[in-house]
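Shared between the two complexes below is chain A, which pairs with chain B and chain C, respectively.
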Partner chain A sequence: MPYHEFEASKCIPERKQHAVIKGPGEDLSHALPKGYLNTIPGSISERGCAYCGAKHVIGTPMKDVIHISHGPVGCTYDTWQTKRYISDNNNFQLKYTFATDVKEKHIVFGAEPLLKKNIHEAFDAFPEIKRMTIYQTCATALIGDDIDAIAQEVMEERPDVDIFVCNSPGFAGPSQSGGHHKINIAWINQKVGTVEPEITSDYVINYVGEYNIQGDQEVMLDFFNRMGIQVLSTFTGNGSYDGLRAMHRAHLNVLECARSAEYICDELRARYGIPRLDIDGFGFEPLSGSLRKIGLFFGIEDRAEAIIAEETAKWKPQLDWYKERLKGKRVCLWPGGSKLWHWAHVIEEEMGLKVVSVYTKFGHQGDMEKGISRCSEGALAIDDPNELEGLEAIEMLKPDVIFTGKRPGEVAKKAGVPYLNAHGYHNGPYKGYEGWVRFARDIYNAIYSPMHQLSNLDISKDEIPTDNGFLTRKMLSDATLPPEVVNDPILKQYDGKLDPIPDLRAKTYPVFPKKEPAPVAAE
Partner chain B sequence: MEDLTKDRVEQLLNYIMKKCLWQFNSRAWDRRKQNAGILGQTAQLLCGETPVHETANDKCYWVDAVLLAREYRARFPWINELSHDEIKALIKALHERLDFLTIDGSLNEELTVQHY
Partner chain C sequence: MTCHVVPKERAGVVNPIFTCQPAGAQFASIGVKDCIGIVHGGQGCVMFVRLLISQHLKESFEIASSSLHEDGAVFGALNRVEEAVDVLLSRYPHVKVVPIITTCSTEVIGDDVDGVITKLEEGLLAEKFAGREVHLLAMHQPSFVGSMISGYDLAVRDFVKKFAEKGEPSEKITLITGWVNPGDVKELKHLLKEMEIEANVLFEIESFDSPLLPSKDNVNHGNTTVEDLRNTANAKATFVLNRYEGGKAADFLKKKHKVPSVIGPTPIGIRNTDTFLKQLSDVTGKPIPKKLVHERGVALDAIADISHMFLAEKKVAIYGAPDLVIGLAEFCLDLEMRPKLLLLGDDNSKYVEDPRIKALQENVDHEMEIVTNADFWELEDRIKNKGLELDLILGHSKGRFISIDYGIPMVRVGFPTYDRAGLYRYPVVGYNGAAWLAEQMANTLFQDMENKKNKEWVLNVW
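Up next, the complex of A and B:
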């Protein structure tokens, strides 16, 4: 597995240790990109900071909370509404963002009084919200503001509120991943075990590392509800603050994004003896295996099998419609962290795509181990790429589509390649069986967009066809397909709703009575 | 190791590396426990034994072992023809190879970090 040196980064020789090509017959012991290291000076990284990783990725998806940044307003502005982690309480955490608006004078004279004033103002403005998280930023960390002390003062003055302090300023790690770590540990240290929940089921889980992007959590919650499983907390998408204080009472931690949230699972295992079960919620086969595992753990596998059979029968013909049209299309799988391994193998197996490259902005070497193991030979794996390397890889690999974030996505579009938003999604949710079909639909729409094909013509030199007339995606995708596929009576395009989440929120579920505790034997 | 065994170990290993996540916990000590816990119970299940799980963690290993044993039987029918001794020898060789790839021969520099 040779290390790969980009032409654009020859002047930064350290970068050669951050990219490898998966060669035939080679394995992880031959080469592995470096990871989770400080970005090399001269390389313009696409990473976020540790404050952003703590607040924007993990803290803010909590739904019933005032999330306030103690720092310049820019820190908050740049981390507001850039991800679509919706919630079932009218998206309070997305609609409102709070900052103490620290200025130069506060840097000189201190910003603690400003913080206290802001906390009171926020609670006064939203009297129905009694929970708050406060995030340290670089500026207030450097002047030594004692956020914990202020939070304690406010909690004494307002006994009905509870405040969590996250001390993860932007410089506290090489990337947003440093912030994931800090908030995981801070939450278990400060808050877990401070609320006793009502247990309503014999089967109780924490669903960890799930951020409810466009409703992903609610899709999975539907499956868990159908199985009679009580989800005590979700860390953290659509999760409630007090639910997350009660994590210590779960029987099992079901872990989705190990990159951002394995720390709290590992600590819950060490401190409370709650085991950690890693799952894959994306793709028919991985999701089915995940539901089976959870079912097996609780002795209710039959409930999982019923869901798998029903959902597969309903959605597989639609997935296969897209698979026929996506076969062999080349993909650069360039997400932030965990999706490089959640998706690498299953988009090849279930959608027929060919992954020609994986990259991670903030992943660790463990993520690369997973991703490289799952992608096929010949794939180029890159850690923390800079923009020039991304462009060079596009030129070299000639992908049909790129799955990445908004910023590199726009760069890809300028290079003539369509992209899908791997973080906030285009038209999610992408989890669950229906979600996986929605993802395939979005990929199909991106690759076969007539508009995209037209946009690649250069009016300064290309001849613009004027006799083509009307084009649709289907005219493009079906042109080379055999008639038996085009006319297959079973396969069909996605026929779900524009937004499937409202129906899920309105659903009712069967009641699975809790077993009576075994009688205690008389002495 | 003879060629046939080597080939079979690689088939079983490839399945784990492509489809599973449990072998990639973030620290070496954790990976060693995961590999031993899950592959140990997988060998028992493939030999028709009933693993005993005394702790919640053991039960979690058992869950992954059940799924793995099922997939091995379905995807690699030759495994159903092996004697119990042959299965145990095969899983032992698989265990050594998995430990090498994920722990002893791993280039992951975070495996020995003291904390999570």
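Up next, the complex of A and C:
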């Protein structure tokens, strides 16, 4: 597999090993782009920091918690209201963020008293919230404040509160990934095993590595509820603090985003003997396979099969409507970490798209390995991409759509390519069967946007078509389709609601009586 | 009736109104042509600020990081700056100006950025980049001092300090706009053009309202040149529209280069725009043309109807950048509204001495509070627990949940306004800005009446 050298990066030779093109018939023994190495300064990489990996990605989706950052106000402000991790408690964790507001005098004399005052103020302002996480930042790590000691003091003074401390300053590691690891380990060390849950089912899981972007977690919970499975905790989207303290009592850890959360699963296996099952909520086949595996584990395959049959019958014709119209469209799959391998293969299989490039900002080599093995020949894989390389890749590959973050999305837009927000989604959720159709619908809406089409016209020199007062997406997408596809009586466009989440929250579930006392997991 | 100025009493911040200093320097840096800043610190300090600015402007642009990692935090990270400058210059052949912006971490470590710049100038620039015009400058931006506002103020000063150079006196003025939108810059340049006044504009960010072209031209840059910055030393006067977002640069130009300065007022509303034009006229000797008399009339014609008939006595809370907040409060008073609460989001001790705040204290005829070092809890707590009643909120998007949860209509203004489309394109300054603001406020209140089925929804006609 040949390394790909970008024109723009010829002057930094070490970059050469961070991009490869998958050649015909090649596997991974030839080459793999380097991953998770220190960032090259000045390269205009898209990486974030370990604080954001801990606080923003994993910590703050926890819903019933005061999230306080110990440092100057910037880190807090900057990571506030930028990601759509919703919750069913009126989004407390999205709406409120707390900073200790460290100033120069505290840098000189220490900020521990300030921190303590802050903790009390926050609990006083929100008397109904009894849980807190404290995040260290660069400044307070460097001055060496003992956050754990202060948290301990407050817990003694206020016995009804519980505080978790996460020491993951921004500079701890090459990217946000360092922070994922730190908070995983800190949580199991400090909190798991400190609450005993009530077990109400024979089948008990933790749902791990799921952040409830636009309701993903709630969609998946619906399936688990329909199967009669008790979800003790979600790590961490829409998850509750005390639920996550009881993780040790699950029979199985069901792991979604391995990049950000496999560490805690591996520790739960080592310390409590809880097996780990990797699943995938994106895509019909991966999701069906996942539900089957869970069913098989607990011996309730029939319940899984019932859901699969019902959902597939309902949504497959809609997915296929889009598949017919997305066939062969070229995609750059440029998310942050694990979505590159969650999505690479399945969008080709189930939506007919062609992945021409994958990249990861903070994935490790393992993520790349999985990603590359799942995409087709000729795909360009880039680790820790930067601005110029991204542009060069767009020019070279001429994609029809790019899945990436907001700001790189603006770059794509100017290059004439529509983008879809891979982190926060457009009209998600994208998990579940219906969600997957919603994703296909959003891709279709982007690719066949009449506005994007108009932006390619140069009125100063091109022939200006004057025969239409408007064009619909369908007029654009169906122009070259065979009539039997256009008129297929089974296929149909997405007909779900604008927001499916309120209905899910209002739903009730059948009770599956518990057969036997809960097995006690090995300590 | 009284107007109190009080500082926030709590030590901590619940929902910050401002971010930290380096964000201000980063926003300033994208206004300069052929300039890419390097933020010396952890990657988050850049990545999130780029995201924030890009959510506001709906555009992309470049800012680099020295990508401080663990070893650098322990042993010092100046080598990362050296490498960053080299990599950046090698890959971006057009880049001429590279501010090195420090952050809390690199200030705590005590990295000698000024020293490394000298080293780079004598080494890397003289050798590898010999013959190329490159300017490196240090911007010290410890985030535990001030806020994004002071960061912007310092950055403007640092740019001016680096480049201002005494030469032939010029007829031009220097216009330091402060932290505004592309639409504001456009409006200000329009006023100058009508007055036939030429200016060095700091910063020319009009280009950030940029087109989507068939040529796929994808580079977004500010357009203030090194030449413009140099000429600030020779201008007839420095006009600083926002005292706290350019005042330091004006002071520097006055002290070092004897350039007279005109500080404020922020030309928000009819009255403050009048003052701005009068000052321009006084300094340049140019008359105010009929065209602007007409434009002012058009704005007044639009506003006159809605102010006394509708906006009068509506109770408003305003938060955000101090000059913006004060300017909006002044305009609201002219519109017969009642600014009840102003929130200024950092601990700058100068605010209490601001003559405009003094004037408010002396003259408002209703109960009013001005909170300094404020966070959003100062607003929410008053609404939730202390009986503050409001008809309208003016401020940026980060306060949106207060509006949503307490059902108080809100007009987005300031930075950032990521949850509304296109606001970066519209001015709040000048006569056009005044009309736009008044109409936005009125329309927002109309919409709210209809949603809540308040009395006037039955027949809203005039």
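The working rule: the second predicted complex is superposed on the first by the 501 of 523 C-alpha atoms of A that agree within 3 Å, B and C clash if a C-alpha of one lies under 4 Å from a C-alpha of the other, contacts with A are read in each partner's own complex, and residues count from 1 in each chain.
One rule holds for everything that comes next: contacts are C-beta pairs under 8 Å (C-beta built on N, C-alpha and C of every residue); 3 or more make two chains touch, one makes a residue touch a chain.
Quick caveat, the model's predicted, so the values are computed rather than measured.
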item: Combined model on chain A: chain C and chain B, fit or clash; value: fit
item: Partner chain in contact with A:E46 - chain B first, chain C second, else both or neither; value: second
item: Partner chain in contact with A:K323 - chain B first, chain C second, else both or neither; value: neither
item: Partner chain in contact with A:K293 - chain B first, chain C second, else both or neither; value: first
item: Which of chain B and chain C A:H345 touches, first, second, both or neither; value: first
item: Partner touching more residues of chain A, whether chain B or chain C; value: C
item: Contacts of A:N118 with chain B and chain C, given as first, second, both or neither; value: second
item: Per-pair minimum CA distance [chain C against chain B, superposed on A] in Å; value: 19
item: Touching residues (chain side chain C, partner chain A) in the complex; value: 10-16, 18-23, 36, 38, 41-45, 47-52, 54-55, 58-60, 62-70, 72-73, 80-81, 83-88, 90-92, 103-105, 108-109, 142-145, 147-148, 210, 212-218, 220, 347, 377, 381, 397-398, 400-401, 405
item: For the chain B and chain A complex, residues of the former touching the latter; value: 17-19, 21-22, 24-26, 30, 55-57, 59-60, 62-64, 66-67, 100-102, 105-110, 116
item: List of chain A residues in touch with chain C within their complex; value: 8-9, 11-12, 38-52, 68, 71-82, 95-104, 106-107, 114, 117-118, 121-122, 125, 137-139, 141-143, 169-175, 387-388, 391, 405-408, 410-411, 413-416, 455-458, 462
item: Chain A - residues contacting chain B, complex; value: 27-29, 31-32, 34, 36, 251-252, 258, 262-263, 266-267, 269, 273-280, 286, 289, 292-293, 296-297, 341, 345, 364-366, 369-370, 373-374
